[in-house]
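Sending over a structure as structure tokens; questions will come in a sec.
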Amino acid sequence: MLNLNAIESGYGETQVLYGLSLEAQAGRVLAILGRNGAGKSTTLKAIMGLLPLKSGEILFEGKPMAGQPFGIAKSGIAYVPETRDIFPSLTVRENLEIAAKRFGGAGADWTMERVLDLFPRLGERMDNGGTQLSGGEQQMLAIARGLLMNPKLLILDEPTEGLAPIIVKLIHDKLQDLKAAGLSMIIVEQNFGFATSLADDVVIVGKGQIVWTGSANDIKADEDAQHTWLGV
Amino acid sequence: EDIKVGLLLPFSGVYAALGNEIEAGFNLALEQFGGETDATFEIVREDTEVKPPVALGKAKKMILQDDVDVIAGIVSSGVLGAVRDMVHGAGVPLIVANAGNDEATGADCSPFITRMSFSNSQVNRPMGMWMHEQGIGKVYTLAPDYAAGRQMIDAFTASFTAAGGEVVGQEFTPFQKTQDFGPYLAQAKASGADAVYVFYAGGEAISFVKQYDSFGLKAELPLYGSGFLTSPLYVNAEGPAAEGVITALHYVPTIDSPANAAFADAFEAANGRVPSEFAVQGYDAARALIEATKTGASDRASLANALRSVKFEGPRGPLSIDPSTNNVIQPIYVYETVAGEDSLTQKVLAQLSAEADPVNGCEMAPVSN
Amino acid sequence: MFRHNTLRYAVLVLLASAALFQAFTAEYFGLEILTEILILAMLVLALDIVAGFGGMVSLCHGALMGVGAYAYALLSTTAGIAPPVAMVGAVALTGAIAWAIGAICSRSHGIYFIMATLAFGQMAYSYVFEAPIFGGDDGLGGIARLDLSFVGIDLNDSRSFALFCLVVLGAIYGVSVLILRSGLGRSLTGVMHNEQRMRALGLTVWRVKADVFGLSGMIAGLAGVLAAQHIMYISPGLLSWTVSGEALVVVILGGLGTLVGPLVGAAAFVVLKHELSAVTTYWHLVVGVILIAVVMSRANGIFGWIEARWGDRIERRLSDTTRKPEAKEVLGDA
Amino acid sequence: MLETRNLDKSFGAVHVTRNVSLKLERGERRIILGPNGAGKTTLFNQLVGELTPDSGSVHLAGEDVTALPVAKRARRGLSRSYQKNTLFDGLTVEENLGLATAVHTGNATQLWSDSLAKPEVREIVNEVAEQVNLMPYIHAKVSEISYGVRRQLEVGVALATRPLVLLMDEPTSGVGPEMSKGFHDLLNNLPRDLTMLIIEHDMDLAFDVADTITVLNYGEVVFDGLPEAARGSKLLKDIYLGNWEDA
Amino acid sequence: MAHDLGFWTLQALNALQLSMLLFLLSIGLTVIFGLMHFVNLAHGSLYALGAYFAASLTAVGGYWMGFFLAPVVVAGIGILLYSGLIKRMRKSGPMAQVLVTFGLIFAMLDLTRIFWGDLALAIEVPALLDGRLAFLGVEYPTYRLFIIVMGLAIFGALAFVLGRTQIGAMIRAGVDNDAMAACLGINVERLFFMVFCFGCALAGLAGAVAAPLLSVTPDMGLQILIPTLIVIVIGGLGSLKGAVAGSLIYGFVQTFGAVLAPQLASVLIYALLAAVLVIKPVGLFPAKG
């Protein structure tokens, strides 16, 4: 579904990714793991067109990706960034409404009602300003916004950060449902248990390159790799 | 004899149009009368930007570095105030071609400063008497809130009340910050006056006259003023709104005299527009300089001295310099703006006789012979 | 936080030499221009301190300069106080007013701060324009220069006055650098980057802002005093917002927050203006196009552009040992 | 050391803290748990003075500080870290820590001398940088370090003020397992008399370091007691933990 | 003051008229400024251009040609500015924007002088709107009433578009965080381009509307800049409500200040501005966030 071929990218002068390649397969969940600062978020930003590629290419459904972020989003990719990026000048409702799109994702047909069912907390705050929400509420909003786009590929950067355990479990279950329905996903997580119980495939990023590839079960078994690359 | 003339005028900023007009008049006079004298003239031109400090810097440059023999020009009174001490101290003759502040030929007068334009009270004082003679008893006045505005109105008020009239209301509007005169017009209307007397110039004059008309005040409350209000430079922009406005000034392009006809025709031929009072001021400034050189004066001291006693018949009529103030003595014309064949024109209603300003504290050595 | 580097020193030396050369060789008008540059340089230094290092972009520095000028003029002429004392008085008064403005505006940021300072500047302008003791539109003349004849210097001579201004500017520059490098200067930068956090760390933010604004105001006031002495005549136009606006343009043109840049900017702006206005009355157009061109070069002003091009290269060649470790070496070592 | 009495705060119709009374002894380490939006951060904001409570009072070291502004409370030894990074983005890690240190060592308003050059400042900066593992990044600008590293710096800046009472808002969120472990060590190495109030969603950490636990729900204190009691609490499981162990 | 009711009605209408003129101008600026975070100090110059084009077009094809075409021409200039300059400047800091738009002010000032000369121009009020209407017991110039009505109409239309349609939310989202907005599939660049052109057109319209009332001079753009900035700062950046409130406050303070406290007239509005910012450092009705 999504292929990164030897991409190099970074911030201005600072290069962060050094020939990173990976593949996310349709209908499967790929977890990207790695230490703080390894380049996980940078990889996601490169996918979304938020950072320029110095070299390499990114293919989505076999075709080269559109250059601009809005074009990339329109081809059916939803992105939930680690910094959440809720729009402060918009109310919770508006934050959700401008995201509501149908990009033909498999499985779910997310509507406003459905996401509010999932996160009732948001329903109670519909007319609050986006950044008046608590940290965790903002995280829910960011995820809800991603779901409402009904994408073909859902990219989540640390979706459980700052969430209460009960919500983490909830999200875990929902993502599991989505996976069952055939939605493709990429997840970056620090929560090892969460990531590996959801993912089919796992890659580990270290210093801007893929240093380990395998299945979720492989990494659960490979304590050595866990220790070397993740410091678990 | 080569005489170096510094032309100190605004060529940018709000008064750029006046600077251009004065320069055009100045050049025209050099062309027409330059042959009458043996002197030749070399012009150094500087832009004051209508900023007193800038103008002072330029004046200093002319005096200290370019070594000019005489300076002519100066549109704003602020600029004149700024350069006054400099030219006085350096002993460089200055022919003022516009700035009308009373002090320049009053308390701050100088044997080196000769004014060929007008003084603020000179153009407004006669109107006080004349309007009272026309049977107007109560007047409301308006002018921008700065030195010139206050002097013009004060001179009018003094002579109008001396003649027996009453000023029933007076307002000074923030200078160059007022674009909408609506609030003041409503005030004037409610004041119970028989007429309104104002001083406005340039863009403010255009806005004022048009807004005055749009409120329908002209019929019930005739508009009078200092003649700058309906200067030929702006009157076409004012359009029909200016019709019927009666004002007084030291020059009107329709003055019926051979000297004026010659000037107006030549000016129109050269510039494609009717000359304004500013043009004639530039014209007469150059004339005065030429007249002075005809006496043989050629350096700073002798030019200053000679300028103080020039006398000639110009487009505005007979002109002379009052030796006790160095201000020009000239007739004042009351005129009405009326519709002409294809544009607005000026109908002279009265020619008020030439009068010297009071000395106003001016003390200076008499002209030496 | 302010740092000198080789390039900055080099430019400083270059500027100082050029100024000295001009001071000793120029004719009358050349000296006038030099003095104009030096005084403008003082004003823009004052502005760069608050705007470039504290994020307080002020549109009242022109007015502050005017306050200094008028205070000096009134103290030395109307009140008849000796020039040196009048100078100190004028600078102190301007500083106090600036401190108060800084304190009052300390809660505003960005464009709101700009407009709040504009409001105070315009109030001062209107007051000076309309109050009778200030001479209104016609201004005040007859202002005396400082008398240094007891050390054998006649400031009424253009050359001496230009050199005097150069010395004062040098002193102001030195003091500015000291202030910016001090604890107060660092706190100011902290406030610019994150005011909320500075407060949470225990800093009384408004005091820091007011103090720095007051110091900057004193510099602006001194510039005003010297401007009054230079032209020996003052008018309300000195306080108009366009003077502040122009100063701001000069600071940005030179390079905001570089201290050296605004000096370059002042020289460039004044020279450009005079050269162009001698050629055409449409010099605004040319200046405008140049401003646009500078910005389009995507640099932090003229000096920022120089620094981006050559700063690093010079630095590296001169001091290979002190090179910072590059970010990618750091990456992932944790 | 730190006490609140009947703190109450609403935003319009939303009642975010209801009658919250807490009391921390000197040296106590208390963890605050609660669902998202329970009012934990809002409580912090009231403690440090960034928000004024509608009613109730805050006491620091026995003194009512409710009316004091943020900076004054900070100078009395109250320090906090933010849930959302609040750093000096254009400055380096060293400068970030330096600013924090300068204020409480009295160097922040000196007119002639550089605060960062002062030995007492340098010493604390280096010490804190070691404590939160930031030595490798010491000269990097904040805008150049990754999110997780910034989270560490966030804690570092709060620590560098050498507080009496330290409030930390989700200090380990976004930080990897390795660094989380480092955080345990850090807490264990901090002086025992430092009073701490920590908001956390990481249960391992919470139960590991807490002397006491407070649970907030809809702005109300619904549990206040020892970790063991919290572990067994049905209420906590219902509103907060869910069946967390199997996630 | 012993003035009758008619006098106060007249003054209130004057105040309203001034407010609406300022509103036309400030709404464009606040949209560009508050929504795009773009510091367009050249907005006043666009207003001046609007007036000049209206004057020229009126000479060719009568008032209504100027009225309708001048905003279009100014929007065209906006397109040029946007693609030539603004687009590249959008992400540079506010300081660079101040500088570049200051450069534009300088350049446009002289360009108008070169093309139209230093002399002031003026245009006549169209026959349709000439004269006065009896209204609430007073006679008021029809053209001024026209300005009031038009201001209110544009306010209504904008309130609808920005508040009730998705476009408003999309613009605000783009401003808050253009990268994230783009990640939601919003073409931020195109949106901003349209907003900018629309703001320019409104400035042109304001110029065209003001031209018959005032005189058209090269420095009219610079003169109006400060009042416009005061309006949007008092009201709070980026909000429609703020622009309206700011305009009304400015209009009424200016008008009644001139009547009731003429000595203070020029200081009053600045004192008010300072007071507002001391009490509410981000204006009265800032956009959220």
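Each chain carries a letter (A, B, C, D and E) given by its place in the written order, and its residues are counted from 1.
We take it that a residue touches a chain if its C-beta (ideal position, glycine included) is under 8 Å from a C-beta of that chain, and two chains touch if they have at least 3 such contacts.
For reference, the UniProt names are A = ABC transporter; C = Branched-chain amino acid ABC transporter permease; D = ABC transporter ATP-binding protein; E = ABC transporter permease.
No experiment lies behind these values; they were computed from the predicted model shown.
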item: Steps needed, at minimum, to go from chain A (ABC transporter) to chain D via contacts; value: 1
item: Chain E (ABC transporter permease) and chain D - chains in contact with each; value: A, C
item: Longest centre-to-centre distance from chain D, chain (CA-based); value: B
item: Chain centre separation (chain B, chain C; CA means) in Å; value: 40
item: Centre-to-centre distance between chain D and chain B (centres being mean Cα positions), rounded to whole Å; value: 75
item: Where chain B and chain E (ABC transporter permease) are represented by their mean Cα positions, the distance between them in whole Å; value: 36
item: Set of chain E (ABC transporter permease) residues in contact with two or more other chains; value: 113, 266
item: Interface hub residues of chain B, defined as touching at least two other chains; value: 12, 16, 145, 174
item: Numbers and ranges of chain D residues touching at least 2 other chains; value: 144, 149, 179
item: Contacting residues of chain C [partner chain B, same complex]; value: 27-29, 32, 36, 126, 129-130, 136-139, 141-142, 227, 231-235, 237-238, 277, 281-284
item: Parts of chain B lying in touch with chain C, wherever the complex brings them together; value: 11-12, 16, 47, 49, 51-53, 56-57, 60-61, 64-65, 77-78, 81-82, 84-85, 101, 103, 145-148, 174-175
item: Chain A (ABC transporter) partner contacts - residues on chain E (ABC transporter permease) that touch it in the complex; value: 166, 169-170, 172-173, 175-177, 179-188, 238, 287-289
item: Touching residues (chain side chain D, partner chain C) in the complex; value: 48, 50, 69-72, 74-75, 79-80, 82, 86-91, 95, 98-100, 102-104, 107-116, 133, 136-137, 139-140, 144, 149, 157, 161, 179
item: Touching residues on chain D, where the partner in the complex is chain A (ABC transporter); value: 11, 14, 34-42, 83-84, 144-149, 170, 173-179, 181, 201, 203, 239-244, 246-247
